[in-house]
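You will see subunit A twice below: alongside subunit B first, and alongside subunit C after that.
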Partner chain A sequence: MSKLTAFERPPKARPGAAAPHQFRLLGKKVLITDEHGRWALLTRSEYDRFVAGIGPEDPLWPVLQPRGFLAGAFDFDAAARRQFERSLLSWKGPGSHALLLDGMDLDGARRTVEFVFSCPGPQLTLELIFDDADAVWPVVWFIVQYARRKGEWSRRPVFLIARARTMSPDQADFLRSHGVTRCADLALDGKPDMSKAPAFRAQRARARLGPGAAEPAAWARWLEKWGFESARLLPASLDEKGAAAFASFHSGFLGWLLEHGEESNLRDEWVLGLLGGRLWNLPGMDVLEQLAYDGAGRVYTSEAAAGDAELALGSVSTLRYQDLPRLPATGAVIAASHPDNQPLCAQCAYRPFCAVPPSINKNYQGSVWGQTPSSAACSVQMGIMDRILESLNDEKCLNLLNKWSVDMV
Partner chain B sequence: MKLKLGRPLYSAESLAAGALALGTRAQVFVSESKAAFSVEIKPAAKTSPAGLLALGGEFLNEALNHEYRQRVVRANAPLTQAVFAPLFAKGFPAVPADPLEELEPQVKADRARDLAELLAQARSMK
Partner chain C sequence: MKSKKKTAKKAPKLSPKKKPAAVAPKISSLEAALTLDVKTEGLEPVFGAAYLMMDKAFVLLSGDRAGKITVVLRPKDPKAFKPKALAEEFLSDLASQKVRWAISRNNQPVREFIAEQAVLIANGTIPPPAAPAAEEPAAEELTAEQRAEIEKLISEVESEIKTMNEKKSVPDPKGIKASWEEKQEQENKA
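Let's look at the complex of A and B:
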């Protein structure tokens, strides 16, 4: 069964009227996108008119012409500029580095930070991932100090994130005073107890849904109450059942955000990542967005690839950044991540925004390519895109995206 | 389990992809004639009829998926090659050495001392 949508009665199209685009039926609306992420949400009769051909006197003309959807008035220069800006042609290097600190010693931490700073890119994000801060505190302390100095020396902005299950108030204070964003690893199950605080004060939440997670609006209020500024919800499992439960929960969560967007500071990290509209901005995208490093100094294509020998790139002691393109794993994940190389993705209206990281495909479907038609990860991301893009004509939704600095051109 | 697959639809590469998906769970034997491939799937361990059917299904899913994906890749090659070719041709240039450290040996020495102090302080926390 295809995840793409089809018209029961296909519209009568006049060749040469509409510029190349993908469509998706969302309820009674037809979403159209081009490969650069421009979009329009039309009624069925508007879509029929659009593909049959419209002239400048048509009220749709001023909506569709500037967005490049009319073949006769296509701005090739603007399209070339956008293609350059949004494709891998302007990729500068992986911006996000996931450091898995459990088992890492100080020498390994030094070598890892030095490898990270050998990677180009206008800015670097180092995400320090650990379970209990007490177990790895000297390493956390050292990386924060050293990365800050390396940032000053290289005159590059450095963003530090500490993701943990637990840390003491003193440790959280140290991180806050050094400009480190704290991210709490949470498990959401059942209904929230509004009076129960998280293990530590954090700005971001990475929240895995338990099988009994319920009342997404209440969980959104709980996150808001305890000062979280953004949340990334994760499904309990990446199978058909997990994807369906996640879609329903996340839809409720987004519904609350859309309803309370004006007064709430809580943001949804899925939406921020997907609507960034660049392959190398998608969180966890192997090599393009992320590299990961484990406690033994091994470099992986992403956090999800950690522990997978086939997606290991080498050791921080011997690997050089410039060696990456010669490694088979690099070529494989980059080729597999590009939506133009994937069945369904190549025809999907969400192609400019969305792709499943190859390491996720490998974890759940056995190969970096995966199988899009039966991919639960694909279902999860499509569900999120459906929920947010079906609301794009709603001023509330556009105001919210504007507030989140999402550029929906 | 024995399967007969028509050649115009399936290629040898797609059968290899199907076999790869089964990994060590089964052995896959292939012979070919002009019109078709004959495939035999022998599970590595004793398997129920339902388990055998599932293995065959997995093999066919991956083989078909691979075949279709290759068609998509070939159809979009003019677009993707225009992006991938320059990406890999220019390589991934690393950040060059800091010119300040290169020009001023004292800067390099100061930074090395700073790093040594940080490491010593971190070690003393244990």
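Let's look at the complex of A and C:
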């Protein structure tokens, strides 16, 4: 069976019965989604009835009609509004800016922050990325102060994140007192040692799985114990083996979250990002969600593109935000990121939620377009979506998503 | 004509559930070849099913897009995928592709209308759905005062670095000022 899944005995779709939707087989259920993220989980016989055409007397009617799945009772105005709100027509600009601080000096930091603030958008997130805080501390200190003032001057909310492997208690205190979210770059391998604290106290974890990472539930408990509020797990490698190992680990991790959602404050950042349901909410989506800046002042389409000359957009000293649409790299990544332009994504039930950033495609498959059927990044995201959406009929899952402020329409 | 009959005889039987009557796959140890009638199967479903095979097989398409198309599936990893299994999978996906494309075609006018309406909302021809947008951010031009503040900040950074290097520890026997990390370290040692 292909990634999209296929029926053994396909049903017949009668014209005028089912409104636009995509389907996916999840175990014995058929998941249907529309372009705007509305969904329903049906049994196989219900799906057959649905595509053959149902009337108001059918028990499925009150389930599917309010969700806009019935062609005969379709709310065109509401659909147009949702299309406007969730498509690129409502895009305001990249909201996330990844600043790779290694090698950045104070003047470069000032220019970078000024470029970030030249980008439109109702709010800005600056993620300061470094290994060892000692090596770049003056730059961190300056950016935190300067970005805060720039935010006040431009009357825009500014969110600051510091992602590091190590930082001293003083540095962590400074960041905490200035409202900077601390994100720990972790490597999870083997089983957790519950008594071993992370290098510094952080609200967020960016945890790369090692090849021997085991016991996801225990790792979830470890993250919970040390006060993390959210975690983004990353595969050890983006190949078939890495994707399979990640899917298994992440499924266990999500299982623990589903089980302990009521009492735990830990959230899964993959789920939060994917179920946001907008292309420009997907973490690391080139240009649409993110721009990245290196220590030399070069601007890239995303953090994953850093160092790739083909995805470099210019220098913070000379580039203007309004020049971005004219650059070939911008056009290439935006065209390649849109699910309508990817043959598999265009037919995928997860199309409203998911897309692989073109820079990831380029890193692992050699082109921004990639080849979705053999993409391990696609498999990783599809596995996550399968795990969460197959549980959508479960009240526990819906309560958890509700607690995480995920709006599953 | 003779060769066609021979081909049909050699073709192994596929699962009756998955084998459309019109398709007679020709399977060798290296590859599977299927000749499909475009009018019956549809061009888009054939292309769609072929694309989906790309993780497992090299797919070669030849023939006439208005008449018959031959799809040759050659496994990328012959140990993992046998030509017969690939042919079965292709036919299964082809059948589901027909459903996907039927739903898509049935709803093309609906999708076009929605897209058109969304563009009209975006360009203001019809009223926007949400509340008026938030106030535009102030222009990014810095005033002389702001520039002076930046310069002051930079000099503060430099003096802060000096202070940090020279900072002497203040006695704190009860550990009141100890950070979370320091407390954890002490607890672990204990």
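Simple rule for what comes next: the second predicted complex is superposed on the first by the 408 of 409 C-alpha atoms of A that agree within 3 Å, B and C clash if a C-alpha of one lies under 4 Å from a C-alpha of the other, contacts with A are read in each partner's own complex, and residues count from 1 in each chain.
What we mean here is this: a residue touches a chain if its C-beta (ideal position, glycine included) is under 8 Å from a C-beta of that chain, and two chains touch if they have at least 3 such contacts.
Source: prediction; values computed, not measured.
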Practice task
Overlay done on subunit A, so just call it for subunit B and subunit C: clash or fit.
Solution key: clash
Exercise for the section: Based on the superposed arrangement, let me know which partner A:80 touches: subunit B (first), subunit C (second), both, or neither? Expected result: second
Practice task
Determine, under the contact definition given at the top, whether A:10 touches first (subunit B), second (subunit C), both, or neither.
Solution key: second
Practice task
Classify the contacts of A:322 with the two partner chains as first (subunit B alone), second (subunit C alone), both, or neither.
Solution key: first
Exercise for the section: Mind working out whether A:43 is in touch with subunit B, subunit C, both or neither, as first, second, both or neither? Expected result: neither
Practice task
Please tell me which partner, subunit B or subunit C, touches more residues of subunit A.
Solution key: C
Practice task
Determine, under the contact definition given at the top, whether A:154 touches first (subunit B), second (subunit C), both, or neither.
Solution key: both
Exercise for the section: Using the touch definition from the top, say if A:367 reaches subunit B (first), subunit C (second), both or neither. Expected result: first
Exercise for the section: Once the structures are superposed on A, label A:338 by its partner contacts, choosing first (subunit B), second (subunit C), both or neither. Expected result: first
Practice task
Have a look at where A:89 lands relative to subunit B and subunit C in the superposition and call it first, second, both or neither.
Solution key: both
Handout entry: Clash-bearing segment of subunit C, relative to subunit B, as chosen among 145-153, 163-171 or 181-189
Key = 145-153
Practice task
Check subunit A for residues that touch subunit B in one structure and subunit C in the other, and list them.
Solution key: 87, 89, 106, 110, 117-118, 120, 137-138, 141-142, 145-146, 149, 153-154, 343, 371, 373-374
Problem - Residue ranges of subunit A in contact with subunit C within the complex - result: 1-13, 15-23, 35, 51, 71, 74, 76-77, 79-81, 83-85, 87, 89-90, 106, 110, 114, 117-118, 120, 122, 137-138, 141-142, 145-146, 149, 153-156, 169-170, 172-173, 195-197, 199-201, 343-344, 347, 371, 373-374
Practice task
Spell out the residues on subunit B that touch subunit A in their complex, using ranges where they run on.
Solution key: 17, 20-21, 23, 61-62, 65-66, 68-69, 72-73, 75-76, 79-80, 83-84, 86-88, 91-95, 98, 100, 111, 114-115, 118-119, 122-123, 125-126
Completion exercise
Residue set of subunit C touching subunit A in the complex reads 17-18, 47-49, 51-55, 89, 92-93, 95-96, 98-100, 102-104, 106-107, 110-111, 113-115, 117-122, 128-130, 134-135, 137-138, 140, 146, 149-150, 153-154, 156-158, 160-161, 164, 178-182, 184-185, 188
Exercise for the section: Would you pull the subunit A residues touching subunit B in the complex into a rising list? Expected result: 87-89, 91, 93, 106, 110, 117-120, 137-139, 141-142, 145-146, 149, 153-154, 320-322, 324-325, 331, 334-335, 338, 340-343, 346, 366-367, 369, 371, 373-374
